[in-house]
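Presented sequentially are two complexes of chain A, the first with chain B as partner and the second with chain C.
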Partner chain A sequence: MSEETTLTPRTEKEFEYDRKRAARGMRKQVAAFAMMILFTFVAFAAVQAGFPANFIGPVILLLAGVQVALQFYFFMHWDEKGSGTAQFFMYSAILVAFTMVLTFVTIIWWGE
Partner chain B sequence: MDYNTKHTPHTWPKHPETASMEGKNKVTGFWLFLGGETVLFATLFATYLALKDRGPSGMKFSTHELFELPLAFIMTMLLLTSSLTSVYAMYHMKNFNFKAMQAWISVTVLLGLGFLGLEIYEFVEYVHKGFGFRQSAFGSSFFTLVGTHGVHVIIGLVWFILLMLRNAKRGLNLYNAPKYYLAALYWHFIDVVWVFIFTVVYLMGVM
Partner chain C sequence: MSSLATEKKGFGAMIWEYLTTVDHKKIAHLYLVAGTMFFVIGGIEAMLIRIQLAKPDNDFLSAGLYNEIMTMHGTTMIFLAAMPLLFAFMNAVVPLQIGARDVAFPFLNSLGFWLFLLGGIFLNLSWFMGGAPDAGWTSYASLSLLSPGHGIDFYALGLQISGAGTLISGINFLVTIINMRAPGMTYMRMPLFTWTTFVASALILFAFPPLTIGLFFMIFDRMFESNFFVHTMGGNTIIWEHLFWIFGHPEVYILVLPAFGLFSEIFATFCRKRLFGYSSMVFATILIGFLGFMVWAHHMFTTGLGPTANAIFSVATMAIAVPTGMKIFNWLMTMWGGSIRITTPMLYALGFIPSFVAGGVTGIMQASAPLDYQLHDSYFIVAHFHYVIVGGVVLALFASAHYYWPIMFNQMLNETLGKITFWFFFIGFHLTFFFQHFLGLMGMPRRIFTFLPNQGLDFFNLLSTIGAFMMAIGVTLLVINVIITAIKGEKAGQDPWGDGRTLEWAVPVPTPFYNFKQTPLVRGLDPYWIEKMEGNKEGMVYAEPLSDIHMPNNSILPFIISLGLFISAFGAMYHQETTWGLYVLIGGIGLSVLAMIIRSLKDDHGYHIHKEDLMDDKGGNV
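And now, the complex of A and B:
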């Protein structure tokens, strides 16, 4: 396996450029983190405030969905090239997961 | 080339985790594993939703009566922050800064331990009140879902600690870069599952 890896050292300019890009990328990560914290606050505050459950339920589920998307696209690097396979696996899994939860929940509702 | 070659920041590739064929395969395989984990947790969530608040007639335990939002909030903050600190660790890994990477992973581990401690405290409280795994269908499904997540936290922590210890003297190279990267991915996934647990179990439990 080892012969498949060849590395050419970066020039000083490329190196500086990559460093700056990485630092910019890190700022993006921190911004994503700030949004996750905000969504978490909003979700807890909304439930604490005691809004009607039929309204607040879908809202906090949506907030959770967005938060998880941020986690995948930024923290787990889906915004980078070459993450197509990862996304294919995960979206397939999410489809199965969603169907499973939907099935269980509707069976229970129909039973009542 | 040899994976154990010593590098300098200049010879270090931009994506060390996928610079080798082995690394590429590991990352792909790991995402397939995470897909499987997603389905595993979906079954546990579905079971929990179906059995929540159900048990012997006259059962006094319910999500409204049991769950405490402040505790769930602190646990969420700890785990969410630990996800960011592991991002910092990977940032330094890509910049070939081994010491900073190890330091940020240590912070991640400490935050994770804090989360785990609170979860154990929570479980002990419940069992003390008489709400245990065998108390009701609700109890079984709750402890299986949240407990399986807790086990993942333990595995993630042990993984990080072993990596830090085993590579303490070796430093960073293309042999261990994918290993660190995958552990960080696993840790993010644990946080992803927790986002749904605090929303579906705790928040929707008390609203």
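And now, the complex of A and C:
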């Protein structure tokens, strides 16, 4: 791209808008972070409380799934515009990886 | 550095220039030369195989040596010849097609090449250091873990290094195509070769990690006493087969999709017509990319997956025929009503369609699991995948060697000689592989070093060998063509085919090292054609005024990083039987890490070509 890009200073309004946007983003990050810590605590607590294994397993997997979503949408900013390509690739990868795991679980490891 | 004068350089300076270059056009030359070298090595191995099988009970090669040659033929051709040659054209053409000055990460582009080359050299050094790998290119763990000597170690370590290079290059092209398109070059205006490069790079991104994992398991099992694939120790040998084919099936699409792209460019150019069904071509490419990941177990029907798994993978496999068929019909429709010029590239493209369809049809036959129980591990399979890979990929490589030679070297290969090359290669190819279908149906297993006389196999095997010699003559003629053209030294100039449609034909030849003086503005599909049709003599409209251009500096670090891994591979291989092995392993990795640290800590801002210099520079020999 051209090196002679002209830089115009931000107006007062733009500055205000950016500041508000950053503050809103920060609030979301902190909220997501708190939720993730809570989920981790719930996971540990479930094990500590001695619930049956076939209850703990699905619950932890569910929490893990939610954590992955939080990671993508808040920490990796998928909730913002312009992340379409990244999302497309990540969902494709999830689909492909899911197929592999499903195959491995069903035809290699079941019945061993 | 900012001098644009093209001074004559000495031989040493030229070597240094190529060792350190980060220019995509020069890296394309490197890929082309290295890929051709490995193609010739793999070709010689193929000739040895065919000489051995020319007559029954032949003793030209011993059984063990035959296994090594057969393994190295497959491994070399797939990993070290076909892919690098495709990367050569991707590097030479894709940045020009999308109106970019280089790929997104020129440094990584260079690193990708040197990793591939040193990995490939490491693999081939096995011939001189106690024997090559001998468990087939698939290297199934149940066989390869028991292979004596260091052959399989060379395979696992060499492919690990060169695979890392391929992964880096793939990511580089993804980022380049997503981010570096010129203004106006929307996704649905990208030339089809760029599209197929994009999808193939995505396949590399998803397919190479499973291979990396599989190879690491193999390295640990063989050299560091782990037991991932050892069933007596609780491992599972089938996991290698899954990991290998999760990579291996997308790998054939990584090869054939860019070949489709190259042929799409050639068809459109020499039919002087816009590609028929462009959007369905794009859709089919993406669909093939997705389906390519859902079918790997069709290589393992006879492993004992059970009828349910076999049925699922069988149906998924047959589904791939649909988008592939769409592509075939689109090419036929492009020719329909076009004003066709039978040039050498077009001749290859015409030969490609029936050959590839034949390979596809036998593919559908094997997708049917019950039939596959009959065909598995027979010469029918050998015939099938050679029809797909030679009939698809190699024909595409030869076609685009002729087609893109003017862009890469500013010379035209001789057309008459090119057509003679085609007929030798094409007839030889069908003679070699067509009869192997019948050999397979008669029950000749693949990967055997000899067969008995009077079982009806003698004549077809002899025909096959004769065909192989015709292919060798074809390749030799191509090399002679290159040499004659280089000696003649006639300049080709810009758009020598006269019917170029896409941006790569709009840049002056020889292409200036910054590609585009001003970033072009793309106004539709086939931008150069649009400008030509509207009488624009310059062939481009511009998206920006002339201004300084920022360029990256050359660097030797990619070579040093790759060299470190190359050295450490020797350490990993010999550390069990020698005292120095461990130190070499650590030292080699240390060298790589040191080079990476230098790269990270030393600021390298590149340099600028100034506007004044650009205005003087005509660029090329207009």
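Just so we're on the same page, the second predicted complex is superposed on the first by the 101 of 112 C-alpha atoms of A that agree within 3 Å, B and C clash if a C-alpha of one lies under 4 Å from a C-alpha of the other, contacts with A are read in each partner's own complex, and residues count from 1 in each chain.
Here, a contact is a pair of C-beta atoms (placed from the backbone, for glycine too) under 8 Å apart; a residue touches a chain by one contact, two chains touch by 3 or more.
Computed from a predicted structure; not experimentally measured.
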item: Of chain B and chain C, the chain that contacts the larger number of chain A residues; value: B
item: First (chain B), second (chain C), both or neither touched by A:Gln29; value: first
item: Partner chain(s) touched by A:Gln71 [first = chain B, second = chain C, both, neither]; value: first
item: Which of chain B and chain C A:Thr106 touches, first, second, both or neither; value: second
item: Which of chain B and chain C A:Tyr17 touches, first, second, both or neither; value: neither
item: Contacts of A:Met90 with chain B and chain C, given as first, second, both or neither; value: first
item: Doubly contacted residues of chain A, that is, touched by chain B and again by chain C; value: 1-4, 85, 89, 92-93, 96, 100, 103-104, 107-108
item: Chain A residues within the chain B interface of the complex; value: 1-7, 9-10, 12, 15, 18-19, 22, 25-26, 29-30, 33, 36-37, 40, 43-44, 47-48, 50-51, 53, 56-57, 60-61, 63-64, 67-68, 71-72, 75-76, 82, 85-86, 89-90, 92-94, 96-98, 100-101, 103-105, 107-108
item: Residues of chain B touching chain A in the complex; value: 1-3, 8-11, 13-14, 18-22, 27-28, 31-32, 34-36, 38-39, 41-43, 45-47, 49-50, 69, 73, 76-77, 80, 83-84, 87-88, 91, 94-95, 174, 185, 188-189, 191-192, 195-196, 198-200, 203-204, 206-207
item: Residues of chain C defined as touching chain A within the complex; value: 178, 202, 205-206, 210, 236, 238-239, 242, 246, 290, 293-294, 297, 305-306, 309, 519, 544-545, 547-550, 608
item: Contact set on chain A toward chain C in their complex; value: 1-4, 85, 89, 92-93, 95-96, 99-100, 103-104, 106-108
